[in-house]
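Structures for review follow.
Shared between the two complexes below is chain A, which has chain B as its partner in the first and chain C in the second.
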Partner chain A sequence: MSAQTKKLPGKQRSSAPATVVLSLYIAGDTPKSRSALNNLNKICVEHLNGRYRIKVIDLLKNPKLARDHQILALPTLVRQLPQPIRKIIGDLSNTERVLVGLGIESTK
Partner chain B sequence: MSTPRKKGAKPSRSRPGAAARPARTGRSGPRRPARRKPVTEAEATLAAIRAGQVDALVIQNAESERIYALKTFDELEQTQAALENAGVERRRTRAQLQALAEERERLFQDMHDGCIQSIYAVGLNLEACMGIMQANPKKAAEIVADATASLSLVIQELRSFITGHRLQIAKGEDLRSQIEKTVQAAGNQGMSFTVDIDESAMRALTSEQALHMLQIAREAISNATRHANARSGRVSLQTRRGVVCLEVSDDGRGFMVKKVNARGLGLHHIDARARKMGATAQVTSAPNQGTRIVVKLGRTR
Partner chain C sequence: MPRKKMLVRNRPRDSVRAAKPLRVLPKAATGIQGLDEITRGGLPKGRTTLVCGTAGCGKTMFAMEFLVRGAQQYDEPGVFISFEESAEDLAQNVASMGFDLKALIARKKVVVDHIRVVRSEIEETGSFDLEGLFIRLGLAIDSIGAKRVVLDTLEALFGGFSNAAILRAEIRRLFEWLKERGVTAIVTGERGDGALTRHGLEEYVSDCVILLDHRVVNQLTARRLRIVKYRGSVHGTDEYPFLIGATGISVVPITSIRLDHRASSEVVSSGVPTLDKALGGGGFYRSSTILISGGAGTGKSSLAGHFVAEAGGRRERSLYIALEESQSEIVRNMKSIGLQLAPLVATDMLRFHVSRPTAQGLEMHLAMIHELVVDYRPQVVVVDSITSLLSMGSISEVTSMIVRLVDFFKMNGITAVMTALIPTGEETETTGVNVSSLVDTWLTLRNSEIKGVRARALSVVKARGMGHSNQLHEFVMSKKGVELKSDAWSRKYA
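After this line comes the complex of A and B, so read on.
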């Protein structure tokens, strides 16, 4: 018992899982952006158990928003929270890479 | 009672990213996915573009952001390819210019070592002829006939420059006969050369190398007659362990090799010709010690 309540060292500290805040930057309604959004939804449903928020940002409508996260290519997924910010470029079809990129441990 | 607790602390709120950062410590658990080599954003972008997963690129500058569809990006790449082609073209032109410059240098050499030497030899022969004209008119007539023949050869050589054909050893003749001719002309000047040419050494040379060797020998023989006041000399062409060795020596008055100014254009050309065929040329001389020029050419055909 006491071992469980003991403060874990450094990064392994277990706390209530934080909400993952994601921004998906796209360039209009294209097959790639649609596929990115579908893949992302699927991954979040499977692995994040409701602890996520997704915001889709269409840079064709407002290119200035690219500045917030220094976006280079579209689509790009940005994990804003938890810190640090992480980016995944592409249509998110490689689930394993997305999980690693987002820092999510896959649930078995 | 009201003592403030210093220990126990707050629940961990200080590091929001900590829980979500799985494998950053050195000790990753066995179940964690294999650690990937960190990639830069540029690398990740390139990989995604290559995988055909990217719709567009965002180009940002101080004032604005522009979204370029990848189609435009393809056009950029095409432009770059066109620029690279232009670069290739420019390099090719440069190489052609270089080849032209080398060709010109070769022409100068051939002029100097070939035509000028031949004309010089004719002049020497005619000079000798003057001395014997009365005493031995028959011999003098022979020398004049030889001179006429030599001059017509020179004309042929000059024509070959004009038509752009490379100087070569005349058909039906070989290096030995050419060297013997040169030596004979020197003989008319009262200088005796022995010629020792090894058949296998001649065979080992390509026609271009043979021509270079001939011109070097001509230059050396001409130096011996013109500058060295030599009485006798030796020309040899031998092979030793695959190395073809041309040696021209004389017993003339020699010179200080280290005095670079003493190395006239002729010695410079000998060096240049030797280098051109991948050979080395060595000039050994000292005042009153004669001169020895050795050209060594390794790994022949």
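After this line comes the complex of A and C, so read on.
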């Protein structure tokens, strides 16, 4: 991962890492969905310093995406960018594992 | 003419069924050859059946045939959720059974969804559920109005997720969900140590469990199927051999369950007019079983050949199961007694199935014969000879196989001729295999040297339902075929 972050900047401002694009797959407004979203927001605010985008995808509204995106467990958080794609499942309550899963080094 | 022994065995079952006709468990026919007979109609409709077994036992093929036949024959579209093979691989594998999966998918009769479970891709960060699976399954079911569902194999999930507690709760929920949706489902599971499945799926399936087995005995492989459990239904409890062939799976025997074949009163000629006369009724009853026993070179095959040629003359198909000689040898030998079998072969009125008894296991033989009969639909079958089957198993095993075979032929309205070799010096009225009581007609042939002449003789030991001759007839083979001399043996030689 470290090798990648070194390569990624490409542009002049090498100190600014790329924006992290995340998709959170949920199925309706359930306690688990809400807790996942809350946990995700908190982690991003604390560790990504504004360099992130979150898209919430409700599979109840768009069930075809479960198949197209190979989603099985819910909630699933997918890191679309930077490549490669990474998948994390669960309510994201374990912050350490979320950070490992997203490849983010803790700033604390 | 059903046998007494079997009738008695059948009776209690029938009376139980007659006493409680109230709620019969609805069943979904699988269309799998033989299975619906064993299960008396198929799998429990709207419920989930567990099909388990070791790797390579045929679980996927079994599940796929259930789905394909459902779509093709019973107008029940189906969803196949594959956790292991891709849709492409599946289509290729089932093509060997003659199923065109892609065409069914194109016609919206079948949906295949390949769910990849790769643990390294998944980081678990707290509580989750498998709602994604439910959504995908629900969508697939709704997209074609599916009535059948296969999950092959659900246990792959255990390789993908580390939180077994959540997984188990979700699997339990899945089975409930399938039941609510009212689909007839098959889930497959891999056989585990001392348990039916590695992860104990059997705990969740309460209605029907089928175990498939694939083992090697004496260097011969044999597939077997057993219904471990079928709640609320009568079913066969034996281990049944099965075969995965060019037309799908065939489970044998389909016969020990049903014994309601009708006895035909139609008589067909043996092909030897003088024998027809000696039998008293003008020949053999249609769909009866005839045993011809005798020493080497007494003319057993020749008699069978006459019957086949006669059937061909009536434009009936014959299947000749040759376990001792090759097809060309038989055709040549029959020609020497004036029987032209080659034209019958050319017009597909006669097919040979030549097989060395040792080349396959006993059950494989039974399964092969079964498949041939289902495929070719012959009116006449010759098994030449049943004695050679003895090299494949014990007398009791061979006898049991022949019992099933006889039942199977009768159910299909087939007139069967079986030959049995009697070793020189043995009693003439023995067969080496205890089948004489099963057959309807029994002819024995013998060679004798009397007054410096080597002569053949035939006697009708029994011919059920016919007033047959009790004499010993002189049996002559010439270029014109087989003939019984009208004057009795006793008068000529005694």
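Throughout what follows, the second predicted complex is superposed on the first by the 91 of 108 C-alpha atoms of A that agree within 3 Å, B and C clash if a C-alpha of one lies under 4 Å from a C-alpha of the other, contacts with A are read in each partner's own complex, and residues count from 1 in each chain.
Here, contacts are C-beta pairs under 8 Å (C-beta built on N, C-alpha and C of every residue); 3 or more make two chains touch, one makes a residue touch a chain.
Computed from a predicted model, the values in this text were never measured in an experiment.
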_One more residue to check, A:Ala18. First (chain B), second (chain C), both or neither?_
first
*Examine A:Gly90 and indicate which partner it touches, taking first as chain B and second as chain C; both and neither are also allowed.*
both
_Partner chain(s) touched by A:Ala27 [first = chain B, second = chain C, both, neither]_ = both
*Applying the touch criterion given at the start, work out whether A:Pro82 contacts chain B, chain C, both or neither, answering first, second, both or neither.*
first
*asked:* After the superposition on A, what does A:Val98 contact: first (chain B), second (chain C), both or neither?
replied: second
*Contact breadth on chain A, by residue count: chain C or chain B*: B
*Touched partner set for A:Leu60, first chain B, second chain C, both or neither*: both
*Could you tell me if A:Leu37 is touching chain B, chain C, both of them or neither one (first, second, both, neither)?*
neither
*Which residues of chain A are in contact with chain B in one complex and with chain C in the other?*
27, 32, 59-60, 63-64, 66-67, 70-75, 87-91, 93, 100
_Complex interface listing, chain A residues touching chain B_ = 7, 10-15, 17-18, 20, 26-28, 30, 32-33, 59-60, 63-64, 66-67, 70-75, 81-84, 87-91, 93, 96, 99-100, 102-106
*asked:* Under the stated contact criterion, what part of chain A meets chain C in this complex?
replied: 25, 27, 32, 36, 39, 59-60, 63-64, 66-67, 70-77, 86-94, 97-98, 100-101
*Residues of chain C touching chain A in their complex?*
113, 115-117, 121-133, 135-136, 138-140, 160-161
*Inside the complex, what are the residues of chain B that reach chain A?*
9, 11-13, 15-22, 24-25, 32-33, 36, 41-42, 44-45, 47-49, 51, 53-58, 60, 64-67, 69
